[in-house]
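Chain nomenclature is as follows: A, B, C and D, assigned in order of appearance, with residue numbering initiated at 1 for each chain independently.
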Amino acid sequence: MTSPTTADPRLQLIATARDFYQQGWMLGTAGNLSARLPDGSFWITASGKSKGELLLSDFVRIAPDGKLEASASNLQPSAETSIHQLIYRLFPESQVCYHIHSIEGNLVSRLVAGDSLPLPPLEMLKGLGIGQENPCCVMPIFTNHLEVSQIAADIENRFAVTPPQIPALLIRDHGVTVWAASGEASRNYIELLEYIFRYMVVASRLDVLPNKQSF
Amino acid sequence: MTSPTTADPRLQLIATARDFYQQGWMLGTAGNLSARLPDGSFWITASGKSKGELLLSDFVRIAPDGKLEASASNLQPSAETSIHQLIYRLFPESQVCYHIHSIEGNLVSRLVAGDSLPLPPLEMLKGLGIGQENPCCVMPIFTNHLEVSQIAADIENRFAVTPPQIPALLIRDHGVTVWAASGEASRNYIELLEYIFRYMVVASRLDVLPNKQSF
Amino acid sequence: MTSPTTADPRLQLIATARDFYQQGWMLGTAGNLSARLPDGSFWITASGKSKGELLLSDFVRIAPDGKLEASASNLQPSAETSIHQLIYRLFPESQVCYHIHSIEGNLVSRLVAGDSLPLPPLEMLKGLGIGQENPCCVMPIFTNHLEVSQIAADIENRFAVTPPQIPALLIRDHGVTVWAASGEASRNYIELLEYIFRYMVVASRLDVLPNKQSF
Amino acid sequence: MTSPTTADPRLQLIATARDFYQQGWMLGTAGNLSARLPDGSFWITASGKSKGELLLSDFVRIAPDGKLEASASNLQPSAETSIHQLIYRLFPESQVCYHIHSIEGNLVSRLVAGDSLPLPPLEMLKGLGIGQENPCCVMPIFTNHLEVSQIAADIENRFAVTPPQIPALLIRDHGVTVWAASGEASRNYIELLEYIFRYMVVASRLDVLPNKQSF
């Protein structure tokens, strides 16, 4: 018997991937989505599959220690699997992790030279848990490396010293990653961040007012 | 027996919310829609619900005096409920009130430093009731406060002195609110204003002609 | 018996209006579409109807001399009816006339100060009948007047002296009008012109190359 | 009996054309798609057909030597047929060739004066087979000629000396062409390139960082 809490999370990942693909966030097979199971293992999208038409057989299952647990033949786990594995280890309450490649996510990663992106003080930040008036929220940016394990090591080292203000990180020229306790919350975080990124891309080109100088 | 005028207005709000969500105007659970009933109470979207997939149980009913009349368990009325309540009190002919968070609505609120936004003299203003040649139409901008009751107080004080030219107001970094005697009219106002905002965002970056200097 | 050539043209207008609405070209009830009948009269969208959900009863029928022939009660013919009537008189081979209000159509009408808009030498011009290498194509711009009959008079006077290079005209701050011998051709013209307008809006903001100076 | 490998490739071309049309990449009948058959001939879209609603009868079949093999009456092969024919001759492993007219493809062809377009070092380049850290990838640009055979000759001459780094080429003011061993791969290449073009169009207008000077 299948209860809601043990329903196959791949069904939600398939629906979300199709929506994100249609938004232009997972084009050309880019990006990867994962969800944890009660035993601590997680399903993650396999490499090289079009995200607009995923099948149940287009996922691989990864044990908490990173070993491949289950997979159809010929499937490669996503190249970013080690980042998902790290997120689940660092944030035990997280059950779902989404990584997408939007154009605006790439553009905002180039709006600043350093490794932190100040977000503008929009009402929409409330949905990310930032509930102050004129909030100051900064998002971490990581350098893209060909070896994903190097990116994962950078994330772990930085978060050990400076935990992120919001459950999200950005890899320069590459894309955003979010995590949350549910698929709904992860999806909302993606929507809110992409909204903010699109705002920033346009705002950076407007004749801005004084309090826009922060980014 | 249900006649058209007493049909449950939540059905129209659900359909409109889904459309606005798909336009990118109600992402990450943002925004709120309400509609009045014959007894003066109104249904308004509850807080924290994804606007793309609302259910009848995702609304709360508010009495004219602001008290919670009916609600499923665990629902919070939208944080902006006090603004809807004020609008229905100030404009007794209004039956529907929509508040959304578009990117362009946030951007145009930063195109000017003051508390008024001049709208460009587009043909589309006719749909908002502005029927002059080369019309001068100005839209009020309010400061965003963490306490929504403060925003509502600002609106009431300003409109007592200066009624708005069109049935709409803008909260800086936050979004637009419109009201009308029907859902169809409110929807048209939202469409027209978002059209004008998108025009303004791009026009502000073009090499403009002399009569474009007004904003 | 209904043969294809005598099928009710309102069905095609309804489908086209819904598509154009979804493209953002007929928002807030804006724009109007018409099609001629064998007797020289034409059906045109009534004023104030949402273009995303037109019904057969949302059209009025206009005689060649401009008189209202048939209409459901309470319908007003579109304000721009006199322009459609003029187009059918000036271009007898035209059977369909579309007028829409896109954001980009408004923006390009402000890229030049005068009454002519040079179009960039894109391959897409071939679909508008311009088949030269490095074509020079100019589109007429008319001033928007509150009295549409004044716009129609301006069009007639100018086209008597200078016929248009392509079957299209632009009203500043208002929108584009096209005409053709079929609904398919009119739709293609709209798609091509809106493509070119979007190109021009962005190109005008880029660091352009020498041969881009023409507009 | 029909096995998957001999299924009519026009069905996939019809579905892809509809999707590309909806993306705004094949408006006003623009662009052309082709797929090879086991005998070396290929089906290609006929000229002047709306790409959002192609039928099986809207294709012509071209022999390897360029002769028209099969066609419904009154059909003209696409004007760009000679380019498809050349691609299949130069790249024998390619089975599918897509040519589209996006706005961004036209814009990026004007971002540089010469005949090569440097692509930015985005993660998305991996999907095009570029697997280096900080990759340098350059895409060939060809001059648009009214005579397509002249464009084809230019492509053949240049590729004989300098084969392309990725399976794609750009014709200035006209659009992009890609080729691959399958429809899925060709579609991914189109998606990736259009993503990169959109990135470039916006990035060229931002205050860029040092390593963005390359284009």
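Going forward, a contact is a pair of C-beta atoms (placed from the backbone, for glycine too) under 8 Å apart; a residue touches a chain by one contact, two chains touch by 3 or more.
Listed by chain with UniProt protein names: A, B, C, D = Methylthioribulose-1-phosphate dehydratase.
All values derive from a computational prediction rather than experimental measurement.
Asker: Of the other chains, whose C-alpha centre is the longest way from the centre of chain C?
Answerer: A
Asker: Is the contact between copies chain C and chain D built from the same residues on both sides or from different ones, judged by whether over half of the numbers are shared?
Answerer: Interface between chain C and chain D is built from largely different residues.
Asker: If you average the CA atoms of chain A and of chain C, how many Å lie between those two points?
Answerer: Taking the average C-alpha coordinate of chain A and of chain C, the gap between them is 44 Å.
Asker: In angstrom, rounded to a whole number, how far apart do the mean CA points of chain A and chain B lie?
Answerer: 31
Asker: Which chain D residues touch at least two other chains?
Answerer: Residues 205 of chain D touch two or more partner chains.
Asker: Which residues of chain A touch chain D in the complex?
Answerer: Residue positions touching the partner: 24, 27-30, 50, 101, 103, 106-107, 110-111, 113, 144-146, 171, 173-175, 201, 204-205.
Asker: Show me the residue ranges of chain A that touch chain B in the complex, using the header's touch definition.
Answerer: Against chain B, the touching part of chain A is residues 120-124, 127, 131-133, 184, 187-189, 191-192, 194-195, 198-199, 202-203, 205-210, 212.
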